[in-house]
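Chain nomenclature is as follows: A, B and C, assigned in order of appearance, with residue numbering initiated at 1 for each chain independently.
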Amino acid sequence: MIYLDYAATTPLDQRVRDAMLPWLDAETQFGNPASDHALGRCARAAVERARSEVAALLGAGSDEIVWTSGATESNNLALKGALEFRGLQGAHLVTSRIEHKAVLDTCRYLETLGVRVTYLTPGADGIVAAEQVLNAVRPDTTLVSLMWVNNETGAINPVAALASQLRERGILFHVDAVQAAGKLPIDLARLPIDLLSVSAHKLYGPKGVGALFVRKRPRARLAPQIHGGGHEQGMRSGTLATHQIVGFGAACGIAAAAMDEEGRRLTALRERLWLGLQALPKIHLNGSETQRAPGILNVSFAGAEGESLRAMLPELMVSSGSACSSATREPSYVLRALGRDDELAGSSLRLSLGRYTSEAQVDAAAARIVEAVGFLRELSPLWSADETA
Amino acid sequence: MRPPDQNIYAYTEPVWQRFREPAHAGRLDAGSQVFSAEAGSAAARSLLRLQVELASGAVRRARFQAYGCPSAIAVGEWLAERLEATPLAAWHAIDAAGIRAALEITEDKAHCALMGEDVLRALLQTMSGRP
Amino acid sequence: MPVYFDNNATTRLDPRVLEAMLPYLSGPYGNASSLHRFGRAARDAVEHAREQLAQLVNCQPREIIWTSGGTESDNLALKGVTEGARPSRLLYGATEHPAVLEAAESLRARGWQVDTVAVGDDGVIDWPRFERQLAAGATRLVSLMRANNETGVIQDVARAAELVHAAGAWLHVDAVQACGKIVVDFARLQADLMSVSSHKIYGPKGMGALIVRAEVELHPLHHGGVQERGLRGGTENVASIVGFGAAAELAAQELGSRAAHVRDLRERLERGLHALPDARIFAGHVERLPNTVQFAIAGYEGEALLMQLDRQGFAVSSGSACASGRGEPSHVLLGMGIAREIAEGAIRVSFGKDNTEAEVDRFLAALAGLTRPTAMAAR
């Protein structure tokens, strides 16, 4: 069993689990963090420690971290919250066609409320260039939302270059950093990004918890999307899930310490995997060769249909695209957006590596994929036509 | 290639068995008694080629090639099996509904069975000499 | 060991629930929405939990939408039903939880007329007034709680449902506090939407559900992703869903014994309180949750008493565990027409399945000590 789907979700790190367990188990650690008695204060202190750990990973202040139930909520809160606060009617928003569904679906919803949205198409390398964004902004542009690292190709967008340019123009900048946090250095003390979404379960933390960074100075203001007891400075109400938040904090602490070494190791493993796949002719790397997050390799195998390819490889856990869109069988909208035709988009695998991936796993995976692609190509009328042509 | 051992995406048993070991996969060399037909398209990620070789008015061999999901591949294998076992006169009775029932193909994969019917109709036309 | 009498704020995770969750907190397990093997196992677990919760509240499994908790459920209900509809009127009970109250009030900005359903001084819906209110104009949605989190007052939601439906409106029931403490039967209550929460029934925090009848046209609160039939995007929190399911199954099995146990404790506490001079139990004469007592002792400010009790190792509260309105008297008591200075004295005791008679006796002794004329200066 070889798990190569770290971009969809990561296993919980044992150390994170150990940090969480007392908050699920101990007699004195189950209080509601909003309660005003000893048990409440105990839970509240843990929540605040975790907040500073998440903030530290991002170079943010603790008071700039708002807990959410995950990245989907963070992205919803950022976009709807910012636009609702600034006024929806006639507002203009710039984003890209390769954003996560949580951003794209939110944008489509905002369009129904009168927001105008520009969807940028990335280059063939899967990157949205800074100039594209700057050319698309207008005097009435309220917000730009761009992902730091694409979840399917791993391509890195130039958010650092964009941040100060957008700040100069007075445009709010939201970055979906779900695939970047814990993998690339992020220093929000230096980078004038206004809103930034992160998720715990992509960095070996628990599912069901995320955060939105909301800048204090200058203050990014949001209309809350979940109303209630006024938790999280009024921006997000609801009883805080102490164990989840503690797990998120622990995961961020570990990620911060391990980032450099892990980045080097995963880059080397990814290159090794890519090299192993070179035994096959007619394979295509999807996304940038150079501007890429360490752990993601997305490859199209001409002549080998993606669903059959996955079925041929039961011992590999891989994804044919974003985990969120695999319930539909359309070829990946991300690969289509960077110019792959339906056939190549439909014959792709996303291989995403992580903390527990070994050289032996990578070698075994490459060997199995080479074999399976060969088998399916043998079966394909297209492939024989290709060869005889 | 060692066939995959685990049906983790829960394809129906008749689909899975044919997908993992398609005994009739292959291509027949052109010949006066070899007939071929195709259905589907690469862009739609489903393409099926069916071939038969006749000998004294009966099928000697049937072969298929497929590009597509496991259900599409299973349809090709099933058709090749059936054509080898069924007298020519009874081929017209094979249709999408029958293919679906035999392979227990679910609603969301019904297009694979339709492609099977299409390729068989096309093959029959080729064999009858019509364009 | 502190004495924990704040089970309406949150409960301690049942060790049996933790045991059910643990497999999903270790080893590689997939995103429940991805198709591979661990994904399938996770999906099966999620669907099993759906059946467990459906059993507890007597609904169809497909009527359940997982959320991050009661607050999100309430928001999803109110905003999801009003979204896309031509603004008309929305009614909510005067003693509703802040999640309903503030979600409802936020809809004014979208053109909705928002009114409260008045309650009497016993906390029970003022029925004649409610009927007149419904007759007065078109209403889209009425939101009423099954049981109040502070006083424990139980509303006759089934009676409300008939009136609400006759007026052509949908009924949302906030059953966060009632669920697991009394029988909450979604079908029999005739509710159209109903909120429940995991951490009030010995399940994990950060988990809840909205139960929605198929006829209700609901819009999502979180866009993105196909999870929960497109009504609630986001990667499933598998461990917590499994925990909620396990907690629901235990609640269904033990509902009767738990209720009897906490009812005994409540009666013991109330007998003790009656022995104190000037103790007043709010909504003491109407049907309440068996575990909840909210009271005040004349002359003593609630916050000060709570602080003293906390120091002595008793975890109780004034009302809801919310970040806003600290130091403000409870809107629930004010909504019942109780005078501000009395409401400021409110203390809520909410028992749980693990509390004991000895703890009640210790609490009563501590309270008696603190309210002796010499122990603490009266206001």
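Throughout what follows, contacts are C-beta pairs under 8 Å (C-beta built on N, C-alpha and C of every residue); 3 or more make two chains touch, one makes a residue touch a chain.
From a predicted model like this one, the values you see are computed outputs, not experimental measurements.
**Student:** Most C-beta contact pairs, which chains?
**Tutor:** Chains A-C share more contact pairs than any other pair.
**Student:** Which chain has its C-alpha centroid at the greatest distance from the C-alpha centroid of subunit C?
**Tutor:** Following the centroid criterion, the farthest chain would be B.
**Student:** Find the geometric centre of each of subunit A and subunit B from their Cα atoms only, then give the gap between the two centres in Å, rounded to an integer.
**Tutor:** 41
**Student:** What whole-Å value do you get for the distance between subunit A and subunit C if each is reduced to the mean of its CA atoms?
**Tutor:** 34
**Student:** I'd like the Å distance between the centres of subunit B and subunit C, where a centre is the mean of that chain's Cα atoms.
**Tutor:** Computed value for the inter-centroid distance: 59 Å.
**Student:** Touching two or more other chains, which residues of subunit C qualify?
**Tutor:** 35-37
**Student:** Subunit B: which residues touch two or more other chains?
**Tutor:** Touching at least two other chains: 6, 8-9.
**Student:** Residues touching two or more other chains, restricted to subunit A: which are they?
**Tutor:** 310, 314
**Student:** Going by the contact rule at the top, pick out the subunit A residues touching subunit B in the complex.
**Tutor:** 303, 305, 307-308, 310-315, 329, 331, 341-343, 346, 371-372, 374-376, 378-384
**Student:** Looking at the complex, which residues from subunit C come into contact with subunit A?
**Tutor:** 1-2, 4, 6, 9-13, 15, 18, 21, 25-31, 33-38, 67-72, 74-75, 97-99, 102-103, 105-106, 197, 199, 204-207, 221-227, 233-240, 306, 309-310, 313-318, 320-326
**Student:** So in the complex, the part of subunit A that touches subunit C is made up of which residues?
**Tutor:** 3, 5, 8-9, 11-12, 14, 17, 20, 24-25, 27-28, 30-32, 34-40, 69-73, 75-76, 100-106, 108-109, 199, 201, 206-209, 224-232, 234, 237-244, 310, 314, 317-319, 323-328, 356
**Student:** Mind pulling up the subunit B residues that touch subunit A in the complex?
**Tutor:** Its residues touching subunit A are 1-2, 4-9, 11, 19, 22, 25, 27, 38, 42-45, 47-49, 65-70, 72-73, 108.
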